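In what comes next, chain A is part of two complexes: it sits with chain B in the first one and with chain C in the second one.
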Partner chain A sequence: MANRLILRRHHNCGNMTTKMHLLLRSASFLQQNLRQPGSPKCLLRATQMVRLCSTQAGKVHDTAPALPVAAAESDAPALLRPLTETVAPSAAAVRQVWVENMDSADERKLGLLELHPEVFAAFPKLHLIHDNVRWQRMYRQVDYAATKTRAEVRGGGRKPHPQKGGGRARAGSIRSPLWKGGGVSHGPRGPKTHFYMLSHSARVGGLCATLSVKLAQNDLHVVRDLELPSADPGLLQELVERRYWGPSVLFVDDTDEMPENLVRAADQVPHYNLLPVYGLNVFTMLKHDTLVLTVAAVERVQERLLRALSIHNSMAVKHTDASLLR
Partner chain B sequence: MLAEELPAVEPVDVDWSHVERLLPRRTVPTPTDKAAYPSGWTPQRGNPSLPYSVRRSVNHMLPVYLRIMEDGVKRLTVVRNVRGDIWKLHDELKRHLEETNSRYIASRVNEVSLYVQFKGEYVQQVKDWLRERGL
Partner chain C sequence: MASRAGQEKALRLLRHLPRVALNNIDHPNPKPASRRKRGAHGGDTHGAGDKGSKARQHFARAGFEGGQTPFYIRIPREDPYKGHHLRREYPPVSLHQLQLMVDTDRVDAGRQIDLTQICNSGLFRLEPLRRQFGFQLTDEGMDEFVTPVNLEVQWASERVIAAVERAGGTITTAFYDMASLQAMVDPERFFKRGVPIPRRALPPQDAVGYYTDPSTRGYLADPEQVARHRLTLAQKYGYELPKVKEGPLTERKDPRQIFFGLEPGWLVNLTDKQVWRVKDPVMSEYFRS
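And then the complex of A and B:
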């Protein structure tokens, strides 16, 4: 990781104009992206920022004022004003990330995107990441090991020899667990599922922690869109290698209908994978070295996770235990 | 029945608000702004001068909990989701609790899971201390 950081160069931004352009879906974001002195701006629409029980990130000299509860909505910074948030994140806590291009192998920075600290600057709770990875592995695991008990082993219904008089140990059945070929007394009993559901808060916390870890370790990149100029896998590989993106790359878009060129190119390369936002999970994010998200995907992920952070465990969607379905 | 024989339908304006207010909400709403709350609850104001803060729970409550173990013998006060300088919070809070209670209080800091533990039952004192600071 250290080597990669040292080798990474800042490519010259000769193509970037002084006025920051972001060609997003709605043109209104363009005006809102310009940073005004003293107030944090965010590309996210105010209506999409949902309730978050957040605090300052612990910086000593925070200049952004705390918001009182639902009182001074008109005084709040324009775009970080959330729906039901009690205290907005401070300017120091908000994370910024470059928006890069995918239309050529040359890297160009197209603008800046601001990320909510609750999702992208959460403390990396390793126990949550571990719990999520373990859960993703275990909930689908089925153990097929099964042994027969003394009742199920063929034979052994008759007393092999009289109780007394033979000089032998007493026996009631030739299939007793003491006997060779007998049943197993406490062995594995049939197919066993390890299905369980991790709590809603643990799953949400794991996603936020993993995204934060990826961003902090320079493994999270944001691109404007995933439109490649051609379906040549060599071009995609050259693009990835020139930017020092890891051997394995996960491209995340907000919908499952991806641009054709990218689909055809990534199909040739097994370690470049495509994923829609609804498929994002901790295991896949850790498995791939680099995450590349589109701006739309970042928006969607943030909106969903911020909303999920304000759902109490009791109101979360319940996933029935498999045994109850029978 | 043929389509022509079906009775005519007309839209009816129904005020569903009395039903909607009974339906449970998926997300926890922001509390309404008041000068004082009868329960003693205070909203989080934030304190930029402090190097630490605590994240409130989903229900906007302070993350201070009492853990009772060993069949009621062992009582621990836990402050969870501490952000920023956790040791600073621990030192200041411990000093306050020891002065208030005039006794030594054993404590523990977990930097990985972001909580601070005090041996004893001091939930209300900790909450008041946090509220004074607007956390």
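And then the complex of A and C:
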């Protein structure tokens, strides 16, 4: 009873960290009461329930097929790429995602792709996500506010009136901070940068946490490629809406040369954005509701992040980076 | 780092929470905003009080007590601290922590758990340059210690030895000199130096007694005496001494050996994945002695 009260009280609070901490403590309550999506104790909105049920992301732990399911598709390539032999995650932790099509508004599943749990099923460290977002905002911030001190304000070299005999307060300069028009004693001094570098591990951890959060919240989709049949933005919008992808979508490819149709279509819509893998960052991933990555982008991101995770850790399984040369 | 089960639980929870976005993440431990001393209540003396050297930013030297003999001069030096900077230290590892490490797979109970294994778990760090000569096993959690393990520590009390042997394991106390310690604590770093494995030195004079004593399971003690003491200890504390089979639980290092499977004098080449032995007869004789 107490657990349910906690949830109701904090249901609308915007703070994810608090919510996560509270719910982790009352996790047993959730396990009992949220397994049936239709139950009245469920806190999901109807649209969210539909979205979650339409994809199978949560169920793969129990019934994950080992081979590509869409064998009947004539144009479906064998998209199941086994993880490299240097990597050895536990089978239960490996994530599988559907590879979808972009060549029509109708959704077709073309195969399955395996994702490394260290990148796509890492613990959702919200503090790291926050640190990355803050860093991305602050490192380029420059405060241009600047004031002049009494020495810099024009004038004020001469003693305005004799020390004694005037009935006035003693003064040495008309630009003293006590005077109107005088200098500022402790004001902002010149352009000030807030540049700092977040540690390598924090940045890498933030990327892995964000990708994991996106996948866990059903906001990460993988497509075979980004080839659209036409440059019509209406077609792209219809595609996005039919699949219940969020209002804003970020398309990620492994190169910065994107297919022309997509470029033209997305150019017309401000909330559909294109990004190469090398530009992937926590802020942009959170700003867009849905992430759509190509298979090539997923592989590139995975190998780069696995290498980054192991590079300073002498205890980690080492990941080769031969393809970094390309 | 959370265990896999914990991570899965957290990710499952996220499915039912609102979308993580820029407007709902917060730092769990934010830095408090600094409060400047300005305005009606912060102004005037700005927190410095009235007059005095502190208000005028002309402080007395640290430790000065206004003329009274300061504490750091008044208190005499004590003999118990004489030579403390030369004493050997043994950072503690409790039996409770050890049991937890074995249960959570941070340490492999199928092999001998020695200094290197404990350091490799990542939970404990030994700094030989700070005169830390190894780990001592403390008795916290000795009532709940149940796993048969083959332990090698640098110091252990009688109760700890009894707790380990009651569970069906074996314990040895062994000494490592400074050079051996630096190899043990970070073997990968040591091998990258390209230096042959050193020969472990014998304990110093004040430690010889401890490491040759069977009652403390010293590595230089007579094994038959050690077996007798195992029995005596079981009788003293009133538990049945389990039979220890020959195997991983009884493997021991030679007194001059640092790593299992590697002898002193051998050179390990990590880049080419080779191990080079000593061919020179004089050197070979030295390393084998």
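Couple of notes before you dig in:
Note that in this section the second predicted complex is superposed on the first by the 225 of 326 C-alpha atoms of A that agree within 3 Å, B and C clash if a C-alpha of one lies under 4 Å from a C-alpha of the other, contacts with A are read in each partner's own complex, and residues count from 1 in each chain.
One rule holds in what follows: a contact is a pair of C-beta atoms (placed from the backbone, for glycine too) under 8 Å apart; a residue touches a chain by one contact, two chains touch by 3 or more.
Predicted, not measured: the structure shown is a model, and the values here were computed from it.
Within the superposed three-chain model, A:211 lies out of touch with both chain B and chain C [touch as defined at top]. Residue contacts after overlaying the shared chain place A:219 against chain C, while chain B stays out of touching range.
Once the two complexes are overlaid on the shared chain, A:123 sits against chain B and chain C alike.
In the superposed model, A:90 lies in contact with both chain B and chain C. By the touch criterion defined above, A:309 lies against chain B but remains apart from chain C after alignment on the C-alpha atoms of chain A. Touch criterion not met for A:298: it reaches neither chain B nor chain C.
The interface of chain A with chain B overlaps its interface with chain C at residues 58, 61, 90, 123, 126-127, 315. Note for the complex: chain A touches chain B at residues 50-51, 53-71, 83-87, 90, 123, 125-127, 201, 307, 309-312, 315.
Residues 1-2, 4, 6-29, 120, 122, 188 of chain C are the ones that touch chain A when the two sit in their complex. The touching residues of chain A, when paired with chain C in their complex, are 14-21, 23-24, 27, 30, 34, 42-44, 52, 58, 61, 90, 92-93, 121-124, 126-127, 129-131, 133-134, 212-213, 216-219, 246, 283, 286-287, 289, 314-315. Residues 24-33, 43-49, 51-60, 83-85, 112-114, 134-135 of chain B touch chain A in their complex.
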